[in-house]
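Chain naming follows the written order as A, B and C, and within any one chain the residues start at number 1.
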Amino acid sequence: MNPIAHKAGRVAVGAAGLLMSIAAGIGAPTWAAQQPAAADAPPVLQSETAGVTPFAGLTPHELSYNTLDGLTGGGIRVIDGDTAKLIATVYSSQYANFAWAPDHRTLYVSETYWTLGNRGQREDVLSIYGGPALSNEGEIPLPGRLISDPKTNTFALSPDGRYAYDYTFQPAPGVSVTDLNARKVVTSVEIPGCGLVFPFGKRGFASLCADGSLAVADLDRQGKYSVHRTKRFFDIMKDPVMDESVADRGSGLALFITNDGWVHPVQLGDAPRFDPAWSIEVAAGLSPATSTVGQITWRPSGQVPFAYDAPRRRLFALMREDSPWNNEKAGSEIWVLDARHHRLLHRWPVPESALLVAITPDAHPLLFALSQEWLWVMDPDSGAVLRATEIVTPGLVRVRGE
Amino acid sequence: MSARVALRLVLFGLLGVATAAAANEPGGHPVSQLMPVQVAYLTSCGGCHGIEGISAPRAVPTLRHLTGSFLCTPEGRQFIVRIPDVALSNLSDQMLTRVMNWVVFDLGAPVPAGNAARRYTVAEVARLRREPLTQTGLTPYRERVVARVQARCAAAAGLSVYGAAYGPGVKSGSPKS
Amino acid sequence: MKRLDVDNLGERLTRRLAGRLSRRSALARLGAVLVAAPAFPLLPVQRARAADAGAVAQQGTDFSRAAQTHDDTACNYWRYCGIDGNLCSCCGGSTHSCPPGSQPSPTSWIGSCVNPGDQRSYLVAYRDCCGAKECNKCSCLNTDHAMPIYRPQANNHIIWCFGTQSFEYHCSMAVLVGLAE
């Protein structure tokens, strides 16, 4: 035997064995006790093997957000509010939306790719991620979707998590309905002149309409979707209801909030109940805001300007003192409002200025304020900034239960 | 003088030269004055349907030289007013009537001769828009209306181009779109 | 697309102007506009008469009162009252031409802006240039009379690339349609 070849062969086998054990290590979750096969002792006893830090599901104090930056091209990140540390990152396309299942572990991502990047076959998909490594678990083809800057209410799961609703805009508006158990789209509901989805009940959803009404969609007795419109409750040309209005999935209460700070509480359902509107500014002891040219006053403003703390019925609003029609600029304060009694509870200044706000749903909530570059974790009851971290330009945010 | 001021003077000076030059340039023309009916069309419809009624035809129905054909049948005549984005638009009955007549008789000409080929009246548009087609599947309904229009008027062939442009299996970027 | 904090706009605008000292590059840019734009619009840019200065300040919109008419690479250029994204004027294009490497979309949303020079309303088509990576220069977000996404005709967050090869957003133009009054 050629001694050189023999040695080379042994090195090759050893290298292969090393590679195989590394591969086995990457595949094997580190929390599971590694059980080396009794008959196959590893040729190299490694101090560590590489695995994936287990993902235990979105915790109450974690914030997830996707990125808006057109150059980095999307992605969903999870940050722990208690430590301000990055926990997980999931791939997504640009202009994606996402939602967590009620198990807090499965992540649904509504996204669009072209096979050759800026051309080729268009693929609209609902991608699924889950398990301890937040691995991709396949995707469900969608019949199209809206391509826009991320907007919270263009994609949502039904409250029980069995169906996904996706606002499509081809540019004829509609909502695709996906059965997440059967992993297929079951129907598309046309909602001409309307947009966005606010789910309620088992299979219902409401959409905001340009004529100032709500479109309410639900299954009829034949099991098919029918859509009807409510009365008109706002004048879109004078004071539109903002896209980033909030709704509590648990109770079905929506707060449709206009540019001028009018809050329309609506109990969603087949026959929505419209409660009297109240003004954020009046709740703070100011005159109502209007869109009169030159009127400088406090107005809700930002990219995601509202967060609703359902258990305590508190509305958090990013506010900015400015003239009308500037409702997407950064806010300098977070106002904490009692949504039941229509009173201002607190005004917290934001470090620098903020574009997004979120509140966790647990008993000791954390308040998140985000700019294009920073995430600040704040105490909602004192306004104290607890910690901060740099982030990638955020698009939209979701906490547990949203 | 500072470089910044010098730059501004250069820019403004060139602007002066440019405007004089453009006035004499072939194809150069002053700012167009839009008619109110055009403004209404442009702000309510023109973004998607195109400033001249031409857009990506498989994504949005083309209006130019085609909408006139809907008046080949009474059903087609009613259909285009009952389209929800038309019926429920923010335009008054009067302005919507002017827009419909402009879209059909100006933008969408020719209008084939026939019983239904007369101008819309305000009373008619007001009545039709109270029954928007919000309940039915709009795309298949349109296909049926178009099929019957095409049976009457050969010039309406272009009405069929619009369809589901971006479903799975449809290649984007094809020359037709 | 990144948003520009308009409160710091003045400072950034000054820095940008100061940086652009090259007369040749400015000339080259204007020259390209002349060649590429046979329909170069003649705007009646009248300076407000001193006697009317007070009245003028009351008219228009809040945006137009702070707008200018000479620099289309700044977010407060009068036509950008509803623009969202990168200015094609900063990306190798202009208010009405796409930079090479991108294509204009046949669809757009149409807004109206007041020209502070004559206080009149003009229709502006915010047409996106698509197909190249985001230009990432001169990012602006103005929302003068912009509507929410469920009234798409006047919404500037929809990526208006319908009819091009993909929805790869590069920059936004502000094409003058005409005088709206």
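Quick note on the criterion: contacts are C-beta pairs under 8 Å (C-beta built on N, C-alpha and C of every residue); 3 or more make two chains touch, one makes a residue touch a chain.
What you see is a predicted model, and the numbers here were worked out from it, not measured in a lab.
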item	value
Chain pair with the higher count of C-beta pairs in contact (A-C, A-B)	A-C
Chain of greatest Cα-centre distance to subunit C	A
Rounded Å distance, subunit B centre to subunit C centre (Cα mean)	24
Cα-centroid distance, subunit A relative to subunit B, in whole angstrom	36
Cα-centroid distance, subunit A relative to subunit C, in whole angstrom	31
Contacts with 2+ other chains: residues of subunit B	48, 59-60, 172-173
Sequence positions of subunit C contacting 2 or more other chains	107, 152, 162, 165-166
Interface hub residues of subunit A, defined as touching at least two other chains	114, 119-120, 122, 171, 193, 209-210, 236
Contacting residues of subunit C [partner subunit A, same complex]	1-3, 5-6, 58, 60-63, 65, 84, 107, 130-134, 136, 141, 143-152, 157-159, 161-162, 165-169
Of all residues in subunit C, those that touch subunit B in their complex	17-18, 20-21, 23, 26-27, 30, 33-34, 38-44, 70, 106-112, 122-123, 125, 152-154, 160, 162-166, 176-180
In the complex, subunit B residues that touch subunit C	3-4, 6-8, 10-12, 14-15, 18-19, 21-23, 25-34, 38-39, 42-48, 50-51, 54-56, 59-60, 172-173, 177
Of all residues in subunit A, those that touch subunit C in their complex	68-71, 95, 112, 114, 117-120, 122, 146-149, 151, 154, 169, 171, 173, 193-196, 207-210, 236, 240-243, 293-294, 303, 323-330, 353, 355, 372, 393
Touch list for subunit B against partner subunit A, complex	48, 59-60, 83-85, 88, 90, 132-135, 137-139, 164-168, 170-173
